[in-house]
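Presented sequentially are two complexes of subunit A, the first with subunit B as partner and the second with subunit C.
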Partner chain A sequence: MSINFAKIKVSGSWLQYIGLIVVTVLIVAFTHSVFGNVVTLANLRVLAMNMIFEAIMALGMTFVIILGGIDLSVASVFAFGEILVAKLMVEVGLSVPLAAAITVAVCALIGALNGAMIVSFRVHPMVVTLGTLLTLRGVNLAITDGRSISGFSDSFLWLGQGRILGVDFPIVFFAVAAVVLGMLLGHHRFFRQIYFIGGSERAAKYSGVDVARVKIAIYALSGFLAGCAGIMAAAKYGAAHWGHGNMAELKAIGSVAIGGADMMGGSGTIFGTVLGAIFLAVVHNAFVTSAVNPFWYDVVNGVMLLIAVLVSRVIAKQNERKMKSVRQQKIDRSLQPQSP
Partner chain B sequence: MSSAQALVDKDKGMKIPFRSVLSSRQFWLLTINAVVVIGLGIMRPDTFLSWINFKAVLSLMSYDLLLAIAMTTVLIVRGLDLSVGAVMALSSVVMALLLRAGMPVLPSVTGGLLVALLCGFTNGFFIVRIGILPFLVTLAMMTAARGVATVLTTGQYISFPTAPRWFSRFARHEFVLQIGDASYGVPVLLIITLTATLVFGILLSNWVPLRRLFFIGQNAEAAKLSGIQVERLTIAAYMISAFFVWIAALLMTSANKIGYANYGITAEMRAIAAAVIGGASFFGGSGSIFGTFLGVLLLALIGNGFILLNGDPNWQQATVGVVLIVAVGIDALRTIRQRG
Partner chain C sequence: MNKICLSLAAAALTAGSLLAAPVKAQQTEEHYAMVVFLKGSEFFNWAYAGFQDAAATVGATTELQGPADWDASAEARAVDQLVAKGVKGIAVTAGDADTLVGSINAAMEAGVPTLTFDSDSPKSNRLLFVGTNNYNAGFAAGKAVGEQIGGDARVGVSLIPGLDSINHRLQGFKEGLASVAPGAEVVAQVNDEGDLQKAETVNTAMLQANPQINVIFCAHGNPATGALAATRNVGRFDGPNKVHVLAWSIDVPILQGIEDDEYGSTVAQNPYMMGVQSFLQLWSAAHPTQFDSLTNPGMGQVPTADLDTGVKILKKGDPAIKALMTPPRI
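Moving on to the complex of A and B:
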């Protein structure tokens, strides 16, 4: 019977992935046929680079959301990473690898602190990460006085502008991170526990899962990825500014939700998040190429998010109904008089 | 928790034992507010303790207070409204556009109210009837409302020079209070805000239909089984929230004499912080208007103190987050001590 459950679940989420891919391809095909110049290498590069930092943060957000939590602080950690790496190099004079390593470590530490506070305060993750968001954003503003920091070495700029085999480094980083994290999430024991905790934290705790440790590790991972994105963003723009990445947390959460993850926790995949991020990037690009009043972008973004969530809601309900009917059949069968 | 406890205490013949006063949240918030006032009064006696300074602090916090009340109302029913700031901007833009088009004041203001109520109803409808998480619904509403406001104004200020003079003056008009030799000007903005706060605070703790909101927030299933119209009341909560957002929009439009699509950016975060400091919880069923008022006041006083003490005003932003985290941390300590 359990094989049956798995099949139903897979078919449900695959339906959504296929739908998402079809819609994305349709948008690309439509804008390309009407306005042209969409499926060109140059445009695809712009398209990807526009969304790449939000997409990297969305990878970490996927883990957090599967866990049943949320991390509003990623955007401020992102900007903090930018500023910290810039300050360490420009004002302290550290070498690029050392500055990057310290920045990434500090960002992961901030994430771990989020996790530790969520575990020990026993409040909604939104409260704690909102506190971190507001605090860090204020810190970012205060330590830079609202000015941007620039004057990086060329070797650092490579992290944002350099290419490997013609592909920008941040895109390569995203692809590698997505594949590695996707594999880990799908197959590694530690990461499979996240689904368990997201599905039912109490059940996980009683079956011996160290919930606190997993939570702190996952929030640290989210902070780590945001820090990496921040370093690459500083290199891409050639400057660090506290306003960078404002509202990026909402785009990251949007990518995960459009990718079919349940915001209540317990479901979601890296593949879905990648699709969601690509979808948002394509929609944004369609607005740019079609030269429609770009102010409409926000409206469409909001409506899209709602539609995507509606679709995943419908699919989840269907799954539930199927699962219930399967369970009912099982009960019926067990109630039937056993034939000798 | 504490406000629910306070309600219970009130029912027991108004006999509130000394110990429960000491452990009540409002008492501590009041104490901390008093400490901040006394501390600032000693350090900056002439600048801080002037009526002009108090007037400025209270007027500036009026908008935050109205939005925080809106947030508290939905937090009580275990909801969330990220769209308060965006709906305020949209409502103000609609009012300004109607006034500019030469409509009389009453229809224009009603137009703004209808738009706000429609947004509130849409939020409530999607959350209650379709069952999508409040976070996602109001997130979509936030982007959509801000987007529509930007599209309507193309991002520019909307002034209304032809509107009646009294409309663009009433919020800043001051009633002069003569006490002895000193005269105190009380702006209408402040009178309206405080009256709305007081009336709603009294209604929320005494009027039965509004008291039911706490029941719904604590246990929606039980509330439903005891015959409360949970769906209708929850939608009503979102519309009450929209109503307070509209009051904020009205006052802001009148006081600044313009409608603007970027009003209230990140105001939702401050509103959540103030409501949570004031005792509201993401798990529903708790929160009070008086607590929220004290929370907003505390944030405003600390911000004011930063400026008066010649602290870097840039650090002011960070204090909101720190105060939030500290408040949540103290709560956690208290509950742990109560349990142990």
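Moving on to the complex of A and C:
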């Protein structure tokens, strides 16, 4: 049996993934060969931990962006999660599990409130979540007086500094969450609906999809993951501070966009987001390794984000053209006179 | 799809060309790093310039790392990365004292000499702190106001409450003022929240409620422009009732304002010296001599006491103003 490789068609998304993997590997190979100290256990661990909290937030952001929305509030929910869990343990005296459970529940509730406001007031998600971002940032400052909270128990610190089989717990959390959420997104009926909503909200609504319910649930998921990231970050740094995670929302959005999701909604995968997060972590690591002026770091990130968005739009346009062509062919066939 | 591949290849080349610039230089020379919490800030540019210049005297290379937004966790990650990279020493200014403890301790445990400059992390195992002693700086500022205005000085303070650094400055200011002008007093304090517009609003209200105030002491870098605008708002920008605004900044607009007689004076810290001294201490720690450090075995001789880089109160005509008005390029 022979395989005709010329006939194998690779979808645009997969080409984008392959391109991203190739670029990432090239950067790693280049920096390692020139500067060394890149493919070492110590550096790879630091590289992974450097983006891990943004990557966890990016998982939730993937669902939101596929849905056709955006969640700018994740960074302040992240810092709020840090502060809330710290206050519940240090000032109220709650146990670690109880404080963590309350914190993730409150963060999910904040996300759900975002979703409810978007659905109820029919306001653009960017406006609602920007409002939440600014409000919560103010709350974070006000309830801490600008100071950090520290003095956590060892059992809590384990959530950020502990290891399972030599792998840092936040990385394990991210990997498990990525696999579970990736499977849900790919196969579960409820989560498949978000592609439908992101593609055409009106069509989804007329098809009987409870758009409001799905939206609120997805924004709650985004808040939940930001809360989880916040708890682990407080444990990792041994302190909760209002300034932690500043601009993390942009890195989370960047991971999703570079991973190939269409910013207009309707497409994207967890796998792509994971690749996007790894790419950003590798680029940042390359800057430190090469000692290039870090002022250029944001330039490269921004350019890559623009390229990724452009590529996603090109793929989306191609898909649209294909759909139209198929539709036209069907119409043409139906209009052809039937032979007796 | 070819276009997509071409775009990605172009991106790879762009990244590659950016990375290729300082090739290998650092592999043969000793390499040191500075980590700041506000990359691009003029203050830290001065500090890094001092760090670079001091390194150049011994043929070492340097790099600057840290976030462009105030995020101490990003600093902690930068320290972790630099340790993994194998730098010879790290000078870090702590965006938050507690957040940096873990990373600084890990760096010291890995044998990488690490010190704090400008903003300390006192609970960490850092070698020492290099920077302004806030009490001494406040004392110098209070003494300068007392000497210039005398016992008639009635001072309003623009500050952010709750910060240890600012509390120490204010305590020093009050004691410095009392040391030369016992009749002078601090009559009001306002919270400017570190925001220019807020500073204008609260200082305007303070001047309206306390017309006897003839000096505004800005206890940190941000509120000076707002405080000056407040003096305009109440018609006391110039003339016989002019309010003397004492800034705490070496930013060019403030220095120009002193030369133009808008501000009375400014407290000038010495970030350049912070950079120079930080490098020299790290160099010393990275080069053990015949006897190891008592406090940090395996490292060279470095004092454990904080190193006060001092301040100067700059007034119109001070030659230092001209020098400071040409910030370094990184």
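We take it that the second predicted complex is superposed on the first by the 329 of 340 C-alpha atoms of A that agree within 3 Å, B and C clash if a C-alpha of one lies under 4 Å from a C-alpha of the other, contacts with A are read in each partner's own complex, and residues count from 1 in each chain.
To be clear about the criterion, a residue touches a chain if its C-beta (ideal position, glycine included) is under 8 Å from a C-beta of that chain, and two chains touch if they have at least 3 such contacts.
Just so you know, these numbers come straight off a predicted model, no measurement behind them.
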Requested in this report: Could you say whether A:139 touches subunit B, subunit C, both of them, or neither, answering first, second, both or neither?
Outcome: first
Requested in this report: May I ask you to decide whether A:310 touches subunit B, subunit C, both, or neither, giving the answer as first, second, both or neither?
Outcome: both
Requested in this report: State whether A:290 touches subunit B only (first), subunit C only (second), both chains, or neither.
Outcome: second
Requested in this report: Identify the partner contact of A:192: answer first if only subunit B is touched, second if only subunit C is, both if each is, neither if none is.
Outcome: neither
Query raised in the report: So, A:327: does it touch subunit B (first), subunit C (second), both, or neither?
Result: neither
**Report entry** Touching partner for A:150 - first (subunit B), second (subunit C), both, neither
**Finding:** second
Report task. State whether A:298 touches subunit B only (first), subunit C only (second), both chains, or neither. Result -> both
Query raised in the report: Who does A:127 touch here: subunit B (first), subunit C (second), both, or neither?
Result: first
Report task. Report for A:241: first if it touches subunit B alone, second if subunit C alone, otherwise both or neither. Result -> second
Requested in this report: Quick one: name whichever of subunit B and subunit C touches more residues of subunit A.
Outcome: C
Report summary line: So the subunit A residues that subunit B and subunit C both touch are 145-146, 293, 295-296, 298, 300, 303, 310
**Report entry** Touching residues on subunit A, where the partner in the complex is subunit B
**Finding:** 70, 117, 120-124, 126-128, 130-139, 141-142, 145-146, 250, 253-254, 257, 263-264, 293, 295-303, 305-306, 309-310, 313
**Report entry** Touching residues (chain side subunit B, partner subunit A) in the complex
**Finding:** 80, 126, 130-133, 135-137, 139-148, 150-151, 154-155, 269-270, 272-273, 276, 281-283, 312, 314-322, 324-325, 328-329, 331-332, 335
Report summary line: In the complex, subunit A touches subunit C at residues 10, 12, 15-16, 19-20, 22-23, 26-27, 30-31, 34-37, 40, 42-43, 45-47, 49-50, 145-150, 161, 233, 236-239, 241, 243-247, 283, 285-296, 298, 300, 303-304, 307, 310-311, 314-315
Query raised in the report: Which residues, counting only subunit C, touch subunit A once they are in their complex?
Result: 1, 3-5, 7-9, 11-12, 14-16, 18-24, 26-27, 31, 39-40, 61, 63-74, 76-78, 80-86, 95-99, 101-102, 160-163, 330
